[in-house]
Structure formats: structure tokens, C-alpha cells
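One structure is given here, and the rest of the page talks about it.
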Amino acid sequence: MGEATSRFENIAVVAKRASPDAEQTAREVADWLRRRDTDVAVDCDTGSGPPGILASNGDFDLVIVLGGDGTLLSVARSLPSPVAILGVNLGRLGFLTEIGRHELYPSLVEVMDGRFAVESRSLMDLEVRRAGGEVESYRLFNDAVIAKSALSRIIELTLSVGGDLVTTYRSDGLIISTPTGSTAYNLSAGGPIVSPTLPVTVLTPICPHTFSLRPIVVADSNTVEVTLDTQQEKVFLTIDGQEGTKLEYRDTVRVERSSVEVHLVKVSGRSFYDNLRQKLHWGE
Amino acid sequence: MGEATSRFENIAVVAKRASPDAEQTAREVADWLRRRDTDVAVDCDTGSGPPGILASNGDFDLVIVLGGDGTLLSVARSLPSPVAILGVNLGRLGFLTEIGRHELYPSLVEVMDGRFAVESRSLMDLEVRRAGGEVESYRLFNDAVIAKSALSRIIELTLSVGGDLVTTYRSDGLIISTPTGSTAYNLSAGGPIVSPTLPVTVLTPICPHTFSLRPIVVADSNTVEVTLDTQQEKVFLTIDGQEGTKLEYRDTVRVERSSVEVHLVKVSGRSFYDNLRQKLHWGE
Amino acid sequence: MGEATSRFENIAVVAKRASPDAEQTAREVADWLRRRDTDVAVDCDTGSGPPGILASNGDFDLVIVLGGDGTLLSVARSLPSPVAILGVNLGRLGFLTEIGRHELYPSLVEVMDGRFAVESRSLMDLEVRRAGGEVESYRLFNDAVIAKSALSRIIELTLSVGGDLVTTYRSDGLIISTPTGSTAYNLSAGGPIVSPTLPVTVLTPICPHTFSLRPIVVADSNTVEVTLDTQQEKVFLTIDGQEGTKLEYRDTVRVERSSVEVHLVKVSGRSFYDNLRQKLHWGE
Amino acid sequence: MGEATSRFENIAVVAKRASPDAEQTAREVADWLRRRDTDVAVDCDTGSGPPGILASNGDFDLVIVLGGDGTLLSVARSLPSPVAILGVNLGRLGFLTEIGRHELYPSLVEVMDGRFAVESRSLMDLEVRRAGGEVESYRLFNDAVIAKSALSRIIELTLSVGGDLVTTYRSDGLIISTPTGSTAYNLSAGGPIVSPTLPVTVLTPICPHTFSLRPIVVADSNTVEVTLDTQQEKVFLTIDGQEGTKLEYRDTVRVERSSVEVHLVKVSGRSFYDNLRQKLHWGE
């Protein structure tokens, strides 16, 4: 995490979809920023899919996200290049959006005056390969989940890391998580908490049939490949819990660290462990 | 577990569906039994659904199942009254079908000569209630699983036991398991192993969001009720991993011990713990 | 759980050891009871060991415990015969002492007027056998823990249940828990929560070397026997986390349900699940 | 992992303590090496403590360890500077000693001819600080375990990482593990498997009282500090399961990455995952 002193000049404000509250706040923030001589664009698109503003214009040097962790995940996946992101939570505090509503303007003053730190978080690029060719590609910030449908039985997945065979999993599925995603679905499935800036990937089976199939932490410089070996069951790939696709027999999901990173703007002074204590009710 | 000495006079032989091997073995077993002056009916129905022979005629005093645990689960759910079941495994030994192919005829001799024990296993009856009325009903031998679909997010389920509120689960789902089912899906989800003749039900959350939501063992004389509190996600009910239905918002799944039991015929002398050691590779 | 209407006539009040607060409260409670024409004895012994008052006089029909769950565990193990126990917690509410300080006198009124329920909880009797003879015996309410010392390495324990070999555990130790103890150490070691009146025993390994060695729930009518197979390491037996002894190589720990039960007096109307939600912070 | 082509000229052969088999093999290996014009010293010391040969002479460029993982752990902690280690297992294959008895001489030929790879593994340096001063210091290869004695109750430990407070643990203890140690005690306590060359430390609680206290993976560039907050219970520190000391109230255990590394010599071509599959019985 490094100090950053440059002033932002071209700012996008993105509001949570279908939230009149976030939209209203976004317009107020934009007005506030414009009064400080900043170029501001506001995205309050009420449709689905990634924020259109980001696709159309890559020149922003800061994106302010108003909503929750879900909105920030969606924005982070959509960025064409590494851009600073400031997450503001209008509901309950999240792991990624740790500025609350009442801290909004004080935090903006800090940021505009250059008193903030930037924390680099890794993203991963994922391809679905079928019969040798690529059929789908995604970027992910939290995790990719390969899981059977509710009515299906146990599935088999063969995992390799850096070209080395790991094993064939018999389970409900497999979670491929970034350090950022380690506190999301990975944690519910029994995976470890991982410090968010480590250069690692976490591989956690979901309800494994073999009990010794434990979560594994590997270098994120290693490409992770997962092949679906089960023919008859319905299996799906989900990205950040937000989008996904159906997998076919013999499909390979290939995941590697993205060249693009997320630069989270931090003004709170709260450590990762402070967030853990608060969110996981440690010490109560 | 009690000794049984009465001679069986009316026997059904049920073969695994779509298995020429099981069908051939069933016909041989039937011939062998008939040569010992026993009334025998053979069910080699190749369709889906429960064995038709059982529905049409409830007068059997023994059902011999040739296949695997899956076939025996299907037969057990279909029995109109408590009937003795002898499970023979034509593949890898199961928890319920602990007689292997090479032990088939020696075991039949033991059974026909009255040298066997009977172990009573509980079944549960399940109703899906919607707007006050019953819309579906099932019998289960292993488990009922209420789980979100692969593309859905976390769901909320409210659990009550014996009329007392337990809690609202935020998880991927919930497993309601008999002792017999405790070594099936329950075990993969982190639930305990339960001695098969105990009068209990095991309630195990799947990937719970709250870590203190641990498996709970309750009396099977208590009715278990689970209500779906999530409106937007797709949620399914699965019975013994073999059949199921889609649940609607506010549906209640109501489970209680069935008046019908399964009477497993045991000739092996193997204890439950012997099976555990072999199946779970304990001690290696 | 049954309703009880008989009036108590001979009451012991036991205060937590070395607690001036508990001692003072005990004297006040005794005075209050005497004004209602009840025979009352007070035990405010400041020494160690079980309350002396209980050993010297078995004629009490109610024991009121002022302190916490630890004090009640100690009292329950000392009772010569099944006697009603009312637990009052002077600190943070416990699983066994669910009446708080402010509910003390209202609860006493309820009890003295016969408006209460009684919940029977099982105790277990434990013997340590060495070279065929019994060398120590204990009664337990929560659990017996067989565990290696901090500086020792993994130990081997052979477990049998009802005379059937279960397996040899390679682990840090093994917990033998009553349903009442299932929410104590058993829960920290990964064991299931068990409804407190079930006729079962829970066997949970501590940090097992073999991952498939999972918690097992068995009938409490089965005798549990654990033999220490490791010669060189220091291994201890602990009862309810309160007393214990060193085990020798080849010692066998033998546990079976006691003929004595604890009769917990309940006035709160709180269910077991209400307590779980409060203590485990479910739903937050 | 890099290829190494330089020829070793000064070799130490260390045999497992009190093992006539290892001693005999060590002398044969030394003879074999001397016939290839290599300077060889043999350590078959039958006493306790680290091998004396290593302390007296730091000029070895290769140490051949004959025994098991335990012997190699002991040697690795004793090395004054980064020296190549070749581990040969005379019993069951280990994670660190992956050359079996029958591969001994073929492997030595490979090594002496320069056909091998070197894998760098991190060591950690640990200090026990009491009243501001250092009272004990250790080096560790697998793990440092802070744990209560068998007869003690739950203990409180306060953990900080890189100067940031993490939380206060209420548990049986805490494991501080290197990646190499992740497949040892850490795995039994529920911690994740970690790829052995990652720059991380794993912090895993033992039987935590708070269920959300999950294993955490942090950067090994961060100093880990653990302070004992419990006054009355006996608590011990154990290093690699082999040596240790008693901790006092308010003692702080301080762990950071050592400047010395272990250079494991690899000739097998087996990947870390190959070892995992074999040792953990994956896929059976």
C-alpha cells in the first residue's frame, strides 16, 4: 500500500443500479466535485450489465462507487485499465466499501487533498475453452465458482496448477478465489482468510466427497485449469456471484492473473484486520 | 437389531434399472429361490420411477435388491408397509448393500435358513406446503436437501423443530438427514456420523454464511419445518439425491418420522463401524 | 420435559467458591426461603473439591446453585441421587444457568408455587482401568477429554462402542461428550450440537491426523471404551474441564450412562434453541 | 525452483539418531562419495540435540540427511547458513524426504553429476520476549505452536501482524506455520495447504471458542507477535514438534522470516501435488 499525492482531474461517479438513494447521492457528489473544478461524469444507468460510462470512456483517473461491495465488484471487472476506485457504502459496511454514508464528504475532502493511500488488488482473467477454442471470457475480482445444479449429483473436476496435475475432485464444485474473494464465498465453504495484497490464488472445494481434499493456496503466477469430467449433470460457472454460464462436458476453465489491477483508495486508516473483527464479530 | 427366524414365503427380486447384469442376476436368483419352493416375483423394469412390482402388490415379506445403495434407496421409499430388504451390491460395496457378488448365494442360504438379523431403519415423510395446503409429498430414506441453484446467491431458510424456532439460516441450503443418510451428503457438508438406529434427525447447513451455524442433532419425534424466506432465487428440494421439485417463496417443507420403517436383513456380521473403516479408509 | 407441581421442603443453596457476591446472595436467598417455612442449608465453603453439604446430607429435594455453569457442573457431579437443580447465573448467562440475577426472586416465586418444568439430563460414569482393575472413577456432566500434553506429539487411542471396535485414532485426543456437553468443548473441536435430552453420546476427535475421522453420535446405552496405545507421550484425562488424572500406557477409559440423572428446573420458558441463538450470536 | 549445476565438494552425511540402520547407511554413502573424490564427514551422534557436526563446521556445501522428515527438520534448524540438503527416507516417504531407500544411489549419481533442482524453503526466527528482553530464541522450519497444557482450560492470546492488531483468540492455542509446515500440524487443525515456496505465513487457531476465528494467511515479510494474556493456565511453546519451553503470563512470541533459507535438492521430478495425492490418499 503506497501513499498517493496526485490530484484527480477526471472522475466518474457510479451509483448502484435501481437505487434512487444511490442515484440521488451520486448527483450530489458530482455537484460537490464540480464546485471544486473537477470533470465529473455520473452513471446512474438503471439497466443491467456493467456501467456503460466505463466502457465508453477510459480516461477517468478515479471512479467513485456509491452502493455496496456488489456494485464495486461489477465496476472493478469493467475497468479497461488500472484506475483508482473509492468505494462508499450506503448500507452496511462491506470489505471493499469501507466508507460509510456519514464519512462520505469528509473522505472526499481527504481524497481531493491527496491524503489517501492506494492498495493494489489483483484481478484474474478467465477463459472457458471448448474443443480447443475459447468460447467465453470473463474478468473476476472475488471468485469463479464451478458448481453443480441443485438437482444434480456429485461432479468430477480435474484441477491442474502451473501445468501440474493436482487431483480430480469429487464434490459439489470448486471455488477459485483471489485474496479479495477469500472473505466471500470461499469462507463459507471452509477456505482460509488471505491477506488481500498477497500474490496467491485460493482453491477451495465445495462439499468434497473425499475429506482430505482441503483448501489449497497457490501462487497467482501459476495458471489454474479446471476440466469438467462429468457428462450427465448440469454444471455452471459463476463469476463474482453476479454473472455466469453453463459448462459442457470436457470444457476447461482457465484462470490466470490479469495484467489489470484494482487500485483501491483508502482513507479510513482501518486495517484489513479491523474489518475482519467488525464483520466476523471476533472477540464478542 | 433382533434375530429373525421366520421363513420368507413371498419374495420380490428387484434389479437395478437399465443394468443387464443386474437383470440377469435377478433371474438366476429367482430360479434359485423357486427351486426352494418360494413364491418369487422379479422386477427388471427398465423405465424410470419406483419399481412397479412393489406398488402393485404389497404381500411380499422380503425384497431382494440387486444393484447398489441407489437402487435400495429407491425401493425403500416405495414400500407400502415395513418389509424386510436384503441388499446385494453388484459393484463397489455400499453402506446399505453390504453383500458383495461373491457372497450372494451363501448369504441367500443363510437368509432362507433363518440365520440373519434385522435392523430397523427409520424413514421420514415430507410434505411441501404452499398457502396452507399440501402440494407435494415424499418419503425419504437418506435425506431431504433444500438448496439454491448454481447461479443463485445465498438463500434464507427459517427452521423450527418441534414447534420451536431454531433460527434463520443464510446459506447455500440445508440438509435434513436420517441416521442412515448421515454418511451420505451430510458427511460432505461437515455433519456428524450417526449410529444408524438412533431416533434422531440431523440438520446440517450447506456453506453457511454464519460460522456458528453448526450441524444440530434433534429427536426424530420432533417435526422439522423449513420455510423459504428468499423471494428472488431459484431453490430446489431433492429427496435422497434422486427426485425433487422446485420450491416457491414462503413454501414450508415439513418432515416427520414415517410410521413405515425399513427392515434391513443382515447376514454379514459386519458392524456399522466395520463399514465406516472400510468406506472412509480409516486407519490407513 | 414434564411439569412438576410438588412443593420443595428441604433445599440446599450452593454458592460459587471464593465469590463474596455469590455467598452474600446465597444467605439472602436462604433467608427468603426460610420466611416461606422451608428448611434451608447454605453451602459457601471456600475450599476446593465438591460442595461438602451435598456429601453429608442426601435429603435435599432441591439444590439452588448461585454462580455459573462451572459451579452447576461441579454440583451435578456430586449429587448422590437425582435431585432437582435450579441454576442462577450471577454473571453472563450460561447454557445450564439460564436465570439471570434480576430474574432470581421472580423465578423463586414460580418454583415455590409449583410453576416450573423439569428437564432430565444424563450423567455418565467413568472408570479408568489399569491391568484389569479400576484405579479411578468419576462422574461427568459435560465431557471426558483424553488429550496429549502440550509438549507431546500425536497419540494413538483405540475406541470401541458397545463392544464393537470403531477405529484407532491418531490425533491430539478424543472428547466423549453428553448432549449437555455438546455445546462446550465438543463444539470448539468441530462436533455437532445435540438436543440436550437425547439418549446419545458424542465422540469427537481433537485435531485428527486422518481427516475422515469425523465426530460420531452413538446410543448412550452403549459402553464407550478408549485404550491408550501410545507409550512415550504424556496423556491426561479431564472431567468437565475441572478435574483429571494422568493416563498410563494401556489404560482403558470406560464410560457408560449413569443411573443418576440431573433434573434441571426450568422456569424461563426459553427453549434450547433460544439459548443457542443468544450464545452463538446466530442471526447477527 | 532453479537448476543447479555446480559439483558439491564438501559433504556432510547426517544419520537419524539412535538408528543403527541409518548409521550403517550413512557410512556406506560416505564411502561411496569418497570413492568419487569428495570430502565427506559423517554424523551418527547418538545423543540428543542438533547434529554436532553442523555446529562445528559451516563449510559444507551439501548435507545428506538419512532418516525421515523429523531428522531433516532438526538439521534444517541447525544450519548456520543456506546449504543444500538432500533428504533420503529410510522408512515411509515424507513431504521433505521424498527419496526412498531404493532410489538412494541412483539419486546420488544424479546429484553428483549436477542433474538436480534446488527449491528454496523459508525458515523463521522466533524470540520469546519477557519484560522487554529476549529470553529464548529458536529457528523453525515447520511451525511454532503455542498451546495450553492438557489439564488447563481455554487460553487467551493476542495476535498482531505487521504491527496491526488482529484479534484476541480464545482457544486451545495457535499454530504459526511456514508453507512447509502447512501439511503438518496446521492441516490437522483445519488450516489450508499452502504451496511450499510462497512468501507467506499461516496462522491457525486450535479449537477456537469463537467459530469465525478461521485460519489466516499473511505475508511472511510481516512480523507476527503473539502475547499470552492468560495468567493461571500452563501454556507451552513447541518448535517443529521437537523442542519447546514454558511461556509465562505476558510473554510475547515474536516470529519473522529468517535470513537463512533451506535449499532442498530435488531429483525426483515429483511435484508438490504428486506428494499431496500420495500422502493424503486423494482420488481413492
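In order of appearance the chains are A, B, C and D, and numbering begins at 1 in each one.
Simple rule for what comes next: contacts are C-beta pairs under 8 Å (C-beta built on N, C-alpha and C of every residue); 3 or more make two chains touch, one makes a residue touch a chain.
The structure displayed is predicted, hence computed values, not measured ones.
Chains touching both chain A and chain C: B, D.
Residues touching across the chain C and chain D pair largely coincide in numbering: over half of the numbers involved belong to both copies. Two chain pairs, B-D and B-C, are compared here, and B-C has more C-beta pairs in contact (counted per touch definition above). Taking each chain's centre as the average of its CA atoms, chain C and chain D sit 41 Å apart. Averaging C-alpha coordinates per chain places the centre of chain B 47 Å away from that of chain D. Distance from the chain B centre to the chain C centre is 35 Å, each centre being the mean of its Cα atoms. In chain A, the residues that touch at least two other chains are 187, 190, 211-212, 214, 280-281, 284. Taken chain by chain, the contacts link every pair, so each chain touches all the others.
On chain C, the positions that touch chain B within their shared complex are 161, 164-168, 187, 190-195, 197-198, 200, 202, 210, 212-219, 222, 271-274, 276-277, 280-284.
Chain C contributes residues 145, 147-151, 153, 171-173, 185, 187-190, 206-209, 211, 234-236, 238, 241, 244, 280 to its touches with chain D in the complex. Those residues of chain A lying in contact with chain C across their complex are 211-212, 214, 281, 284.
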